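Each of the two complexes below includes chain A, the first together with chain B, the second together with chain C.
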Partner chain A sequence: MSFLNLQEISKSFGGFVAVDQFNLEVDKGEFVSLLGPSGCGKTTTLQMIAGFLDPSHGQIMVGGEDLTARPANQRNIGIVFQSYALFPHLTAAQNVAFGLEMRKATQGERQEKIDRALDLVHLSAFRDRYPKQLSGGQQQRVALARAIVIEPTILLLDEPMSNLDAKLREDMQLELRSIQEKLGITTILVTHDQNEAMALSDRIAVMNEGRIVQVGKPHEIYEDPANVFVSSFLGKNNLLAVEVEDISGSKASVRFNGQSLTVPCREGVTNKEAWLSIRPEKVQLTDKGSGLLEGQIKTRVFFGNHWLYQIETASGEFLVYSQNTAVPNTAPRDAVGLNWQADDARLLNMDAS
Partner chain B sequence: MNKNGPLALVFHTLFIVFMVAPLAVVVWVAFTPLGYLQVPTTQWSLRWFYAIFENEGFIESFWLSLALGIASASLALACAVPAALALARYSFKARGFLVGLFLSPLVIPSVVLGIAFLRFLTQLNITGTFFGMALCHAVFVMPFVLRLALASITGMDRSAEQAAVSLGATHGTTFRRVTLPMILPGLVGGWVLAFITSFDELTVTIFISSPSTTTLPVRLFNHITQTTTPIVASISAVIIFLSVAAILILDRLYGLDRLLVGSKR
Partner chain C sequence: MSGVLQRKAGIPYWLSLPGVMLFGVMLFTPLIMTFMLSFYTFDFYEGIERAFNLGNYADVLSDSYFYEIFLRTFGYGLSTTVLAVLLGVPEAYILNRMHSRWRAIFLLAIIGPLLISVVVRTLGWMILLGNQGLLNQILIGSGLTSTPFTFIYTDFGVIVALTHVLIPFMVVSVWAVLQRLDPQTENAAVSLGASQFTVFFRVVVPQAIPGILSGSLIVFSLATSAFATPAMIGGRRLKVASTTIYDEFLNTLDWPLGAAIAMILLVAIMTVIMSYNRLVERRYAQVFQ
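Then we have the complex of A and B:
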């Protein structure tokens, strides 16, 4: 039996269905991300778990208890908001103390827990500062300390990193993950940033238009996306229109450009026409005439750890990442071949489902 | 900071001079030893300041205006906070109408309001009472309090309230411990504007005051229609000093920008 169980929850506002029959089971101590574009219903789902919105339908179970009708202030759920939502008139320590005061903790117990929480987020030296005297990253740590000090059953994170700059965001992600593992706290993260979701989560639930499209471990979802939406939302991909000749089990033989290839195939691909999806880092540049496709280099951009190539082919533009191992011997307008391992490609339906 | 061009500089200087000059002249005149309004050049005296304390009528009126200002500003604030919360956070049919209603004292001519209030108080049989005047002033200063309360509630990050609730606070506690402190600067600003407006309101008050409830502006007005002793100047000077002191204290406590312009944290 899972710890957090969202059963068939739906939410509609007037005629608009924001969340549609959402099912998710989360184990105790697990870190799960709800990932999707804005307006996909991920924040609405979070608000329902927190108790700020009532589901139109469905049940929210935590540890075998039905929380659906319980008021938000009795759910014992910690939340870190996108804006951090610190109390501006209280110091860092007073912010952290708020939840303990509401729980009528004794003075001694309160002090001890505040110290421990601020220590955990490395802010002991800043306990008497007001939020406006703290940097964005420090404010976020206070918000995290405030949320975990009450020892919540579930920690909800609502796009917590989106206001931080890129370098700080990476540091905070690592730190957040280590704190979460140390405390063993069941955590739901809402984000539209696929890198953040992949870096932090045990599992990712990809959402679109109020529904879950795919749930799985980050690596699984990235490598084996359920459809074109997931494939393009998690990282970049190249889509090649192919003709399906035959499907047997999890393999399909496809034709494109006058050649046949046997590629892995998910269940559900039935149409004659399908997309062959290949990740840019799985494509190799080869000499002209030796690959699966022919093309001409349009642009080449240096990203430090890798080169990005845009390549014009007869089947559309291809994106290729190649590791920065040496100065490449290719230049724009060179004719090149593109090659990839058949097992690295995925066959996907042309429509989104 | 942008530098002002020469033309703008001239304009701003003139603007400030025209604002401040009358005040400076009044304060100056207050120090005259003579019996009429005259700018003193050679002789100075505090006689007209002493004269204030010998005139019980003015002292009484000062206390009345002070009490009236405090009572009406507080009454208006007590009504404006729940009203502003409802107007800022819920959309309902009568919303636009209610906002218009609360702000209408700003656009209705004071003379019309004065006559209406008089008629209304007579109907209720509370003409010339402190309570009746406080009610009328509360209505009159409502727009100032409501505008600033609305601005600060609209500008507030509501997720702070959600955070408080998620930490276990009830709605009452959330309002008391989080919402109220966060909108307090706007409320104080509104209260101060309302107090000042009530304290020096003349047009409406003339209609509803009685010999036993004569506010300071009404008494000054009555006085100046009969005589022109410099006591009006010394009273004005005292009020100017008190206002400057009050503004300085408020600026220290909250910052004027935050109180009157709002939204800056």
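Then we have the complex of A and C:
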């Protein structure tokens, strides 16, 4: 029995369905991300779990109890908002104390818990500062301390990193993950940043237009996306239109460019025409005439740890990442071959479902 | 180079000249003249004479009659301000949480009365609450009381009418501040276990302090210097500073004494307002930054 159970929850605003029959089971202590493009209903889902919005349908179960009708202030759920929503008239320590006061904790107990929470987010030295006297990253950590000090059953994070610069964001991601693991707190993170979702989560639920498209471990859904939407959302991919010759079990034999290839295939691919999806880092540049595809280098960009190539082929443009192991002996306008392992390609339906 | 900069630096001062002149002519000149007038002497037979004499101030400050008037004036000011805070702040909060369509209607209802003359509004109260007024007719007609409930010519009546006249200033200035608050702070408090009541008093009100402060300053200064409402509802018996000044100028014709009362009223209001401002800003330094 999972700890948090979202059963068929839906939310419509007027006639518009923002969240549509959302099902998700989360284990105790698990870190799950809701990932999806802007407007796909992530925040709405989070607000229903928090109790700020009532689902139009469905049930929210936590630890076997039905929370659907329980008021937000009795759910014992910690939230970190995108804007942090700190109380500007209270110091960092007073912000953290707020939830403990609501719980009528004794003075001693309160002090001890505040100290521990501020210590955990490395802000003990800033306890008497007001939010306006703190940097964005520090404010965010106060917000986190305020949410976890009440020992919530579930921690909800709504794009907590989106206001931080790239470097700070990476640091905070690592820190957030280690705090979450230390406390063993069941966490749901909302984000539209696929790297953040992959770096932090035990599992990711990819959403689109109010529905869950795929749920799984980060590398599972990266390597084995359910459809083209998931595949493109979780990183770059090259799509090659192919003709499906035969499907047997989890293998399909496809035809493109006058050659046949046997590739892994998910259930549900039925059409004659399909996409063959290949991640840029799985493609190798070879000598002209020796690959599965022929092309010409259009641009080559250096990214530090890898090179990015844009390659013009008869079947459209291809992206290739190659490890920066040595100075490449290729240059723009060179004719090259493209090669990949048949097992690294995935066969996907042409339509998004 | 530095010459150019200096010439440029002077431009703002030149640009503010028309405003300064307007204030100089319309505000400071009469103020200074009233100030000078307050030192002149007055005699029933001789009329007003130019002099420099503190007699008017001595008269006012040594007469318990005037103390009573000032006490009443500031009593009205304080009660009106307190009532305006108690009613206006929740009103502004509710207004801010309303659906935008309703908000427009209610905002009109709140601000609308400002478009109507104070005299007309006060007359309205008299019609409604006079001894022969609608409320008393209903009360007596329904047998709830046999004697009319007196509202006109009472302190209570003046305070109610002043509050009604001035509350829009409180609502609007608090609402302006509430609009700028992050609505998520309320959700954050709720998620931490706070009731709606706690959210209002511990999260909303402290953040609304700047609006409450400016609203109270406006309401207090307008209430203590109000003329029409206390004159009409307070009548001859419940004199306040401004009606006393009016009487000195137009009935007794003792302009210098009236001017002295006006100056004392001005200084007293300024003192109260400035100390209140300092006090609140220091106590709630954080929300003012």
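The rule is short, and it goes like this: the second predicted complex is superposed on the first by the 353 of 353 C-alpha atoms of A that agree within 3 Å, B and C clash if a C-alpha of one lies under 4 Å from a C-alpha of the other, contacts with A are read in each partner's own complex, and residues count from 1 in each chain.
Going forward, a residue touches a chain if its C-beta (ideal position, glycine included) is under 8 Å from a C-beta of that chain, and two chains touch if they have at least 3 such contacts.
Model, not experiment: these values are computed from the prediction.
Undergrad: Evaluate whether chain B and chain C can sit on chain A together after superposition, giving fit or clash.
TA: Chain B and chain C clash in the superposed model.
Undergrad: Who does A:Ile79 touch here: chain B (first), chain C (second), both, or neither?
TA: Both partners, chain B and chain C.
Undergrad: Identify the partner contact of A:Tyr130: answer first if only chain B is touched, second if only chain C is, both if each is, neither if none is.
TA: The answer is second: A:Tyr130 touches chain C but not chain B.
Undergrad: After superposition on the shared chain, which partner residues are touched by A:Ala18: those of chain B (first), chain C (second), both, or neither?
TA: In the superposition, A:Ala18 contacts neither chain B nor chain C.
Undergrad: On chain A, what residues does chain B touch that chain C touches as well?
TA: On chain A, the overlap between the chain B and chain C contacts is residues 50-52, 72-79, 81, 83, 85-89, 98-99, 102-103, 132, 146-147, 150.
Undergrad: Contact residues on chain A for chain C in the complex?
TA: Of all residues in chain A, those touching chain C are 50-52, 72-79, 81, 83, 85-90, 98-99, 102-103, 130, 132, 146-147, 150.
Undergrad: Enumerate the contact residues on chain C facing chain A in the complex.
TA: 182, 184-185, 187-195, 198, 202-203, 206-207, 209, 284, 286-287, 289
Undergrad: Quick check: in the complex, which residue numbers of chain A touch chain B?
TA: Its residues touching chain B are 50-52, 72-79, 81-83, 85-89, 98-99, 102-103, 132, 143, 146-147, 150.
Undergrad: In their shared complex, at which residues does chain B touch chain A?
TA: Residues in contact with chain A: 157, 159-160, 162-170, 173, 177-178, 181-182, 184, 265.
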